[in-house]
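Several structures are given next for inspection.
Each of the next two complexes has chain A plus one other chain: chain B in the first, chain C in the second.
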Partner chain A sequence: MSLIHEIDYGTPASRSETMVTLTIDGREVTVPEGTSIMRAAMDAGIEVPKLCASDMMDAFGSCRLCLVEIKGRGGMPASCTTPVAPGLEVSTQTPRLKDVRRGVMELYISDHPLDCLTCAANGDCELQDMAGAVGLRDVRYGYEGENHVKARNNGDINAKWLPKDESNPYFTYDPAKCIVCSRCVRACEEVQGTFALTIGGRGFDSRVSAGMAEDFMSSECVSCGACVQACPTATLTEKSVIEIGQPEHSVVTTCAYCGVGCSFKAEMRGEELVRMVPWKDGQANRGHSCVKGRFAYGYSTHKDRILNPMIREKISDPWREVTWEEAYAHVAAEFRRIQYQYGRDSVGGITSSRCTNEETYLVQKLVRAGFGNNNVDTCARVCHSPTGYGLGQAFGTSAGTQNFDSVEFTDVAVIIGANPTDGHPVFGSRLKKRLREGAKLIVIDPRRTDIVRSPHVEASYHLPLKPGTNVAILTSIAHVIVTEGLANEAFIRERCDWSEYEDWASFVAEPYHSPEATEAYTGVPADLVRGAARLFATGGNGAIYYGLGVTEHSQGSTTVMAIANLAMVTGNIGRPGVGVNPLRGQNNVQGSCDMGSFPHELPGYRHVSDDATRETFEKLWGVEISSEPGLRIPNMLDAAVDGTFKGIYIQGEDILQSDPDTKHVAAGLAAMECVVVHDLFLNETANYAHVFLPGSTFLEKDGTFTNAERRINRVRKVMTPKNGYADWEVTQKLAQAMGMNWNYRHPSEIMDEIAATTPSFALVSYDYLEKMGSVQWPCNEKHPEGSPIMHVDGFVRGKGKFIRTEYVATDERTGPRFPLLLTTGRILSQYNVGAQTRRTDNVVWHAEDRLEIHPHDAEQRGIRDGDWIRLASRAGETTLRSLITDRVAPGVVYTTFHHPTTQANVITTDFSDWATNCPEYKVTAVQVMPSNGPSDWQQDYDEQARQSRRIAGKLEAAE
Partner chain B sequence: MSHDTNAKLIYMANQIATFFKSQPQDEAAQGVATHINKYWEPRMRRQLFQHIDGGGEGLSPLVLEAASKIKRPQAA
Partner chain C sequence: MNIHQPRGDVSGRTLAIVEELKGLEGPLLPIFHEIQHEFGYVPQDCLPVIARELNLSRAEVYGVFSFYHDFREHPAGRHVLKLCRAEACQSMGGDELAERAKRLLGIDFHETTPDGAVTLEPVYCLGLCSCAPSAMFDGEVHARVDADDLDALVSEARR
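Right after this comes the complex of A and B.
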């Protein structure tokens, strides 16, 4: 193993198809028109010295090192800013160039500290490399003059010197080492799109400045790490590198946070992770990252991790550590007893959208083949199950239609119920880049999310609808498109069922769907809806990106169908730049759905009632599979309360915190006789568990994740599991204890079984992924290289189906007792229930959940910013602190759900999507009033959680 | 079965009916039945039939119309 070194071509690739041939150092080179001479040289294997250039950003031409000479042209142009031309004869090394470069380097080094031996960048310093490359042997100017290096100059205070900024928990900024190449500033602008950095001052006073000469933490910096990655010196350095030293080998793997699925190089020293660096060849992230994937991996070695299996008779007992064998035998005996006593259907399992495809596949196999029923579900139930249903109905397959690269060809992006700059930050950055190039943006969201207006990005339309009225707005947009004659009839006639279209068109054309009519209850002025509809229908390539603000409603599935209708009516399907793109919350939501985690379907989205599909698996597994659908998570909890569901195996999901109506979830879990939690930490659900099986992190196992663009990415083991076993091994041992003859020696063998049984995965294997890097399913004989774009020549189901989408108001309504609408969301630094990110330094950005409330509503209630307030709904109440902001409209309040002490889900109700039971998280009628402190529920809950986390023979861990 | 669960099932069935009511009329009842057959576990359907057999109070007429097309699970 060795460190992966990526080639930096100096400037971005050109997309031109016209080729140009020139000569560089006597070698003939042919490159696309628009390529820089620097990049062309690198293509030919000639590395021109450079400091300010990087292929992650546009050429800047400031460092004066990359000069070349061109025959017939005067002077020494910078090779990064000079494009190739036919027949050029370029020299990269001449006596004149050598002298000039050495002189330039000499000036750089005359204002740079010479502590190379003890410098954190030692071994990874481009400045040192360039000094070596140009043959710098002496600095004639001395170090006594004006400089930025020394705190004191000849005994006097040096006003030009600035101390190190260590305010960010993950990296330091040392101005003394800065060469002002502007790479960090440009990375922040061009790659991340935050514009938090600038160069302050001029001439010799120029220096990098975060915000208005603030420290990094006080500035707008979002800690994505792009600047640190770009820095050629030790000016911006990961604290982990300062502490540990340079890595000696690296392994490419996939981030385990959101559904973007960024590829990273895990840079290691032995089994110690030194840093995570985004991989440029990663097709989802193209070398970019966010604060979570780049820095927030500390949870993997956190002291709270449970490393030994534990058992207890009653949930009021302290935990007792046992051997793995004892734990497996106990679970097997309990599940068999329960099934004997209460029937075969009285147990089930939950697969994890955070675990690998292989692990998920095994859990559903354990339920179907080992338990003999279909009671298996996954947390996609509470996020994207309506996507599965809605897109399945309209297009015939339950997945996003595009790859992330597609956004580079989008002319009008519509974002509905998603907050990409917080929830899917790397995609957010890619989208913002396209918007800066001139694409238009429409945002449909109750809240003014950052992307509505941020530096160099402004939405053409923001439709701030009342929570719960998505269907009304989208049907209104369709009304405008149809009645104003903007439908793409050629596309519809060719690709969709025309009579279904006619039926749908006459439905949406009804006057009661007009924006003027729906304005009364959506709260969105009609002219905004009309403007947005016209822009989407006529603005070129239109792409719809949506998130849980679409799905987590009583009409979640209907909204997904409405989105599909809009894409079809405008012909925005089947080519780059368009499509319907669900942004998936968790790393492997797509994969867990693909792997047959839903109770009604086997891997590859095939219903359990389909005889041929069942037969495929029955033959291989040697068991009979039930043809009846199993229970979904909410149904399991209802059945538990009713006494017919008694045992559950939960892998990597915290339903007590993440699922709605906490009291109901608690009652369901409390009614069960054997709750098995398989997780990294004693999560909230484990408060109700009888068996705890320690889990492993994504750094500790091999496998695959499938991201939101259907991309199957490898996850590679970089360290031994602290708990001893990867999760797939634990599930396998459990299955063996239950009498199953499973003998997988490596996850690749599980993938082989998936490929053999699931047509859309037919060609996928670890060898093939090794060769291809990654593939997007379907990947089979018909699409051997995978499918970046779906429905290219026709829909999977044949003809696209237009479906009527009648708006039905949710029964969760405001009234005198609960006059405000609560909606929920995510923040950049935290992830989901926070089990991972709360155990990292990310808490410095978000230490608690706050309730966003409009100044008008706050004033009426006598609430000041930061006050403790009581938040109550029909389901329950909790307390948290207020944050007064006009991001939310009057009548709407908003909070995140990352902290268990807040328990936002005590408030949410058990209303759910009509088709899939996906909970209606996004609309809850609430009242808000000043408060003195925690609610009774919070106090009781804390005490119960503390009691239930006791481990016999161990002191209570202080959290 | 608890009263709560029963009320929830009626609510869910009616939600499904509300969606299909807006679809072309000749597909509505079949749509409700197909949906319930595909996604409801047998004990949920059994409970629904117990309620229908007991008069079906509170159920949308479309659910009642669809009942003959819903697969009746075997008795527990």
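Right after this comes the complex of A and C.
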């Protein structure tokens, strides 16, 4: 193992297919037209000295170090800004160039501190490298006189010197070390797309400025780390590097936050993680990151982590630490007892979208082969189950159709019910880049999210619909496309079932679907809907990206089908730049669905009633598998309340906080006799658990995650599990305790079993992933290199299926008692229920959940910004502080659900998607009124949580 | 200390100016000029307003503003005297002229007399090298400036 050094080619690759041949230092080089001389030289293995260039951004030409000489041309052009041309003869090293470069370096160093030995960048400093490369031996100008380096000059205060900016929790900005190469500014603009940085002043006064010469925290900085990565000196440095020192080896792994699935180099010193650096070869993120993946890994060593198994008889008892063996034996005995007493179907399991494919596979195998029923479900139930169902119906596969690179070819992007700059930030940055290149944007969202309008990005249409009316809006858009003759008939005739299309077309053409008719209840002006429909149908490559704002509704599955209809009717399927792209929430939610986590599906989305599929597994596992679908999470809870469901094994999921109608979840859990929680922390669900099995983090195990683009990425172990065992080992030990003969020695053996049983994974193995980097399923004989784009030559199911999408209003309605509609979402710095991000410095950005409310609604209720307010629905009530903003329309309020003290899910109801039971988180009728502080329920809950976290013999765990 | 208050409502006036000029190609500099004309300086409260209206970031607007020394962050005196400090003028006695101006006014460059009458600023080339040294008084250029000319300018400013 050693530190991975990625080659920096200096300028981005050219996409041209025309090749150009030239000579650099006597070597013939052939590169695509438009390539810079600098990049061409690097291609040939010749490194031209540079400071301001990086292949993550466009050439800038300011450092004057990369000069070259070209035969027949005068002067010394910068190799980064000079494109190749046929027959050029380039010299990168001549006596003249040597002199000039040394002179330039001399000037840089004359205004740079000479504390290299104690500098945090020592060992990773491009300025130092370049001084070495050009042979700098002396600085004739000395270090006196005007400078930015010293706090005092000859005893006087040096006005040009600025102190370090330590405001960001993860990195520092030390202006004294800045060489003003503008790489950070350009990274913020070109890579991240936030434009939080600039160069203030001019000439010798120039300096990097966050916002309007503020500290980083006061500026618009989103702490993505792109500037830190771009900085060639110690000016912008991770605090962890300052504290620990330079890493000595690195391991490529996959981020465990959102469904983008960014590849990172975990840079290590021994078993200590020094920093996470986005990996340029990562095909989902292409070298970019967000604040969570880049910096928020501190939870893995947080003091709240539970490292020993624990048991208790009653949930009112304090926890008692036990040995692993005792814990396994206890769970095995309890589950057997419960099954003996209450029947085989009285126990079940929940797989985790945070864990690896292999771990998920084992949990469902434990349920199916060990418990002997199909009572397995996963948190995808509460997020993207409608995607699986809807896309399965329309196209034949339960997944997005594109890779993330596809966005680079998109002309019109439609975002429905998703907030990519907060929820999927790296994809958000990639989309913004494309929008700055001229692509158009349509946003369908009740809330004015950042992507609707932010520097250099502006949606052509924002349709601020009333929560719950997605189907009406999308059917209206289809109405416009069909009635105005904008349908792509050639595509439909070739790819889809024509008679189904005709039926659907006559349905959407009905006058009651017209934008003018739906305006009454969607609240979106008809002309906006018409404009958006025309743009999408005629604007070139149209791609639809959507999130939980689509699925978490009573008509979630219908909305997914409506999206599929729109893609088919405009012919936007089966090539780069188009498609239907669900933005999956969790790192491995795609994978957990693929691995058979649903009660009705075996791995690879094959129904449990399918004899051939069952036989495959029965033969291998040596057991009989039930052909009856098992219980979904809500059914398990209902059955528990009814007294027929008594034991559950929950791996890496906090259903008490994340699932709707908290009181009902609590009642279900309280009614069970053996709740086993397998997690990093005593999460909210663990308040109701009888057994706690400590989990391991993504840094502590091998495995694979499958991201939103179906990409199977390797997760690699970089440190020994603090709790002793990876999660797959714990599940295996548990299975063994229950008498199963499992003997996996490594997750790769589990993947081999998956490949052997699941056709879409047929060619996947750890060796193959090692060779390919990553692959997108299906990866089998037909698609040996995986499938970046699906449905290229035809739909997986044969003919694309148009499905009628009738709008049915949800039963959750506003009325005099609950006149406002609450919708929920998330924020950049926090992740899901916050179990991880709340245990990192990310809390500086979002320390509590706030309720966004329109000034008009706030004024009517006498609520001022920051006031405590009571938020009540038919299901329950909670309190939180208000945030007055016109991002939400009058009549709509919004909050996040990252903090357990808020418990937004006390408010949400148990209405759910008609097809998949996906809860309707996104629409709840509520009332808002001023309040003095936490509700009785919150206080009771806090007390109960505190009581239930007691561990015998230990001080009370602080949260 | 800056005792000047901008006339009227800064953000309202800024909005009107941006509204009028934002159709131009590269509207940012014309907007700054107009704002400086309106208020006598560019109040920093204008910058976020401009950023929002042009859909730029605050940082970008600040970067452009701070690049041009001609745009001032604080109000100037009633008169502005700029002395050319570039090479041609230096070689023709510009240094002495600058010292004299500072002495007469009792202030350094970038400062304003306590009575708020004059602000003294250096400028790097007024394009009058052939008749150096040169100066600019309230927007009007003066060539071949000698000590007497300077005294006259200063006393006019002081009046």
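In this section, the second predicted complex is superposed on the first by the 959 of 959 C-alpha atoms of A that agree within 3 Å, B and C clash if a C-alpha of one lies under 4 Å from a C-alpha of the other, contacts with A are read in each partner's own complex, and residues count from 1 in each chain.
Methods note: a residue touches a chain if its C-beta (ideal position, glycine included) is under 8 Å from a C-beta of that chain, and two chains touch if they have at least 3 such contacts.
Because the structure is predicted, anything quoted here is derived from the model rather than measured.
Judged by the touch definition given at the top, the superposed model places A:209 against chain C, while chain B stays out of reach.
When the shared chain is aligned, chain C comes close enough to touch A:198, but chain B does not. Of the two partner chains placed around the shared chain by superposition, chain B is the only one that A:600 touches, whereas chain C remains out of contact.
Applying the stated contact rule after C-alpha superposition, one finds that A:455 touches chain C and leaves chain B untouched. Contact comparison for chain A: of chain B and chain C, B touches the greater number of residues. In the overlay built on the shared chain, the residue A:129 is in contact with neither chain B nor chain C. By the touch criterion stated above, chain C contacts chain A in their complex at residues 44, 47-48, 51, 55-63, 66-69.
Those residues of chain A whose C-beta lies close enough to touch chain C in the complex are 194-202, 209-213, 219-220, 453-458.
Listing the residues of chain B that touch chain A in their complex gives 1-2, 4-5, 8, 12, 15-16, 18-19, 21-24, 35, 37-44, 73, 76. Those residues of chain A that touch chain B in the shared complex are 343, 345, 374-375, 503, 554, 557-558, 599-600, 607, 609, 628-632, 635, 638-639, 641-642, 644, 803-806, 808, 910, 912, 914-917.
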